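Please find the structures below.
Shared between the two complexes below is subunit A, which has subunit B as its partner in the first and subunit C in the second.
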Partner chain A sequence: MVKRIVVGAHYGLTDWLAQRITALVMLVYTLILVVSLLAGPSPSQESWRALMSGSAMRFASFLCILSLCYHAWVGVRDIWMDYVQPVGIRLLMHALTLLALIGYAGWTTQILWRL
Partner chain B sequence: MATLQFKIYRYDPDKDEKPYMEEVTVEREETDRKLLDVLVKLKYKDDSIAFRRSCREGVCGSDAMNINGKNGLACLADIDDLKQPIVLRPLPGLPVIRDLIVDMTQFFKQYHSIKPYLINNDHPPERERLQSPEDREELNGLYECILCACCSATCPSFWWNPDKFVGPAGLLAAYRFIADTRDEATNERLDNLDDPYRLFRCHTIMSCVDACPKGLNPTKAIGKIKDLMVRRLI
Partner chain C sequence: MKERGTKMLAKKRPKYLNLFEIRLPPAGVASIMHRMSGAGLFLMLPLLIYLLQLSLGTPEEFASFKAIMDYPLVKLFLIIVLWGFVHHFFMGIRILLIDIHIGVDLPAARASAIFVTAVGVLLTAILGVKLW
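Up next is the complex of A and B:
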């Protein structure tokens, strides 16, 4: 195979945009969480369970988990792109990162929704 | 007259096995105001030291170097502002040819990749392609770039991927033509940059803005390119 520098993958924009939107989602979720915890009754297992088991909160938690994973995917992939030059190893790192994040998303959702 | 202390990066690939820092002193005269004045004096004393310079007034961009850890032009750096010993190194991230001279090939390759010229296939008018004063205003802060490479050579994204990331200087030039109302290739130019490496290696750390000896703002130009891409997308 010829060794040429190939660029032009045409996907930078959507990821850049998604990273900003997911950051906003996480910011709003954090604010909701902080306000709910401060405004609610003294922290206990019951109050925590009551807060996290509401449908709206479940929806928001799920959205935040997905946002965190997508945000982390773009960020971690950027690190591999900068520091891991061999294409084969980079592809492997990308795949492992993606699979790990999907796993984490499922696992976290399961933990939070079971409350 | 005052004595100035210098620590200068020296490397002659024909003679030296590896680079080293040389400590030298130069007598400063009252007429020596800028770093370049003293460097020229140093060159008289030891003609083996190599650096580029030409216009000596901040227009040609030849004498870009790393001065006390920050990229800048020797001809614009006031000696009075510099802490001694004045540490001079070549622009970081670019291959060293000798002493303070770097190989700018990669930098100019990226500059050329954005097609730094007006593309307009319309029939040329009788006299010239005119712009309104407002449209012309858009080009201020863009066209003044002298391609000294101070910005790109201070950008970590350019250090890691100089072959794929256009770099702040190239992207500033790209926006200069995107913003030009006489240019007709906006879509092609945006297509050319829509890439995880070419444009989106920029993580807005603004090191380029800090380094630019002409006071330009590549980060702002990069932001405007991204804005245009978003506008085109949605």
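Up next is the complex of A and C:
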């Protein structure tokens, strides 16, 4: 029996799980989108707008964009943690990544919800 | 003995790999491409959201969307982004399957890595030709 002393912030498992759940959300959303596009009428702006403005689709798109931003946050943060050693620059990159992703989530939601 | 062990550890870490000397196995290549495609997709997000906005916007915005998409260089660029998505997508499925203990042993993991890399390139080529 090895007694390990666990140290650290303990966010590893949460992030690992979140990365998987958000991936599944985006996987399902991609399949819905591909099937809708293939099954729908010949592509035009009207049919594209009609597809994206349905309330179920709007809900799914919103979940997908939130998942994407969370997923990207975990992934990009891991990249900074692996390759950027100076703490100050790394923190700056973390902050910029987070702010950009929050902005993208708001921007995309606004595009989808004003339809 | 204990002291020697500590010294050896101290000597060996951190370990720097010469990227030009190591040869990655197929799973390693697929994995680093998963990371690179993820980083690329992240960097392309503003452009992709902007294109989404134009495509769902007013008829004038849609017209400019179509005009932008007609540039061969934009098409080529978006096909590279598409490759990033396709590779990241299928590599993600591979990781999820390995998480539920499917394809964990070496031959299976090796085969799935080669499969994912090939599907990424092939599907991108097919979709790329269709979308051109």
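Here is the rule we use: the second predicted complex is superposed on the first by the 108 of 115 C-alpha atoms of A that agree within 3 Å, B and C clash if a C-alpha of one lies under 4 Å from a C-alpha of the other, contacts with A are read in each partner's own complex, and residues count from 1 in each chain.
Simple rule for what comes next: contacts are C-beta pairs under 8 Å (C-beta built on N, C-alpha and C of every residue); 3 or more make two chains touch, one makes a residue touch a chain.
Just so it is clear, the model here is predicted, and its values are computed rather than measured.
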* Tell me which of subunit B and subunit C touches more residues of subunit A. => C
* Asked: Looking at the overlay, what does A:Thr108 touch: subunit B (first), subunit C (second), both, or neither?
  -> second
* Considering only the touch criterion stated at the top, classify A:Tyr83 as touching first (subunit B), second (subunit C), both, or neither. => first
* Asked: So, does A:Ile5 touch the first partner subunit B, the second partner subunit C, both, or neither?
  -> first
* To do: Using the superposition on chain A described above, determine whether A:Asp15 touches subunit B (first), subunit C (second), both, or neither.
  => first
* Common interface positions of subunit A, toward subunit B and toward subunit C -> none
* **subunit C-facing residues of subunit A, complex** => 20, 23-24, 27, 30, 45, 48-49, 52, 72, 75-76, 79, 97, 100, 104, 107-108, 111-112, 115
* Quick one: in the complex, what on subunit B touches subunit A? -> 157, 160-161, 163-164, 191-192, 194-201, 203, 226, 229-230, 233
* If you look only at subunit A, which of its residues touch subunit B in the complex? -> 5, 7-17, 78, 81-83
* Asked: Along subunit C, where are the residues that touch subunit A in the complex?
  -> 35, 38-39, 41-42, 45-46, 49, 52-53, 55-56, 59, 62, 89, 92-93, 96, 99
